[in-house]
Amino acid sequence: MQLGRVTGTLVSSRKEPLMEGMTFLVVRQIDVDNSDTDTYVVAVDAVGAGVGEVVMYASGSSARQTELTKDKPCDAVIMGIVDTWEVDGETVFVK
Amino acid sequence: MQLGRVTGTLVSSRKEPLMEGMTFLVVRQIDVDNSDTDTYVVAVDAVGAGVGEVVMYASGSSARQTELTKDKPCDAVIMGIVDTWEVDGETVFVK
Amino acid sequence: MQLGRVTGTLVSSRKEPLMEGMTFLVVRQIDVDNSDTDTYVVAVDAVGAGVGEVVMYASGSSARQTELTKDKPCDAVIMGIVDTWEVDGETVFVK
Amino acid sequence: MQLGRVTGTLVSSRKEPLMEGMTFLVVRQIDVDNSDTDTYVVAVDAVGAGVGEVVMYASGSSARQTELTKDKPCDAVIMGIVDTWEVDGETVFVK
Amino acid sequence: MQLGRVTGTLVSSRKEPLMEGMTFLVVRQIDVDNSDTDTYVVAVDAVGAGVGEVVMYASGSSARQTELTKDKPCDAVIMGIVDTWEVDGETVFVK
């Protein structure tokens, strides 16, 4: 999984019918030191994440293993809101 | 999913029989600030997108989860036409 | 899918039995302006492509969705020979 | 598979229910010469790896082929703790 | 598939039980001109490749389509030993 910060929302009214009702969030990938990267992904939200929250997202076929995204044309899903992580014994991020 | 702008069309008459009848579009990936990138993909159109439209596309096995592309040798599909998105509270794009 | 030009052939006599009888082609990825890139892939040929031809190829699990490659350890397949494409209203390539 | 060094842990209390009980580890990818790279991944631990250990991890759909991660929205799993490897006849790493 | 040269071996005694008995090889990716790249992968050997041999390997879910790797957490498999290939009418490599 990769770490990201939810930076916005996206609306698509004309879409694959299977995607009806899903929330699309714009997620900026962040590094393990909590700094921003230049990589973005549009991900389906499976956990009720809000703008500004730090999340984990899964890509590829694994993005279809949530209740919400099963058998849907979705290749990125937010599957966890991050509380905290540490690296080399130092706490890097606390929600 | 990634964001892209449909920039053209592609014709392939000799192809895997399973791909008969599909529309192939040339999609230029765009950044979250709506600027062009140098990355292109040839994607199957599952939503009736036209040249110039801004779309979302799914890659990999997720590209086979639309009605049209199920069990087909397709690794990129346009699965939504984008109406609008916002980043950090600013509207970046409106259709 | 990505665009490529078939640049050569590859022979492997000792291989996974499931790959018996397949034709392996060396494909150079090309850009949407029909220029060469430095990226190559060895792909199975599902459409009878010849050296020099411009093709589309699918990667990952989608490469196993042709008759020929079903359930085979193949991660790249040529699934279409390209006749023509256009970008921004200009024809870039004609076979 | 890629090689990595476990550098930390991550906690996510609000997550996809299917991910309950899993241990998330922050893994820094290492090169074949045992030097650090700048690439990190958050992986599920399927083998009881500890911080500091050198491991192999699998990505994509293969990350869902352990007992623990089957049918879960997980795209990276630690599936082996590395004892040793050698390159060009030289031992590079010993646990 | 990508081309690689087997450069070493790796031992992992504590691993996912499903991976018992597999041979892990360190493979250096090579370019189509037979020159070394800086990219390495740890791959399962499905064809009895030896150190120094030039091979093809498949990645992702396709790496689980050999007899040996079926339903295993394996994302790279050596599925062919290369005899020869040619590019633009020139033979680049002969075993």
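We just call them A, B, C, D and E in the order they show up, numbering each chain from 1.
By our rule, a contact is a pair of C-beta atoms (placed from the backbone, for glycine too) under 8 Å apart; a residue touches a chain by one contact, two chains touch by 3 or more.
Just so we're clear, the structure is a prediction, and the values are computed from it rather than from any experiment.
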Neighbouring chains common to chain A and chain E, by label
D
Looking at where chain A touches chain B, is over half of the residue numbers used by both copies, so same, or under half, so different?
different
Using mean C-alpha positions as chain centres, tell me how far chain D is from chain E in Å, no decimals.
20
For the pair chain B and chain E, the C-alpha centroid-to-centroid distance in angstrom is 32
In chain E, residues with contacts to at least two other chains:
60-61, 63-64
Round the ring, starting at chain B and heading to chain C first, what is the chain order?
B, C, E, D, A
Residues on chain D engaged by chain E in the complex (per definition of touch):
1-3, 31-32, 46-48, 56, 58-67, 69, 77, 79-89, 92
Provide the residue numbers of chain C that touch chain E in the complex, in ascending order.
7-19, 24, 26, 28, 40-43, 51, 60-61, 63-64, 71-76
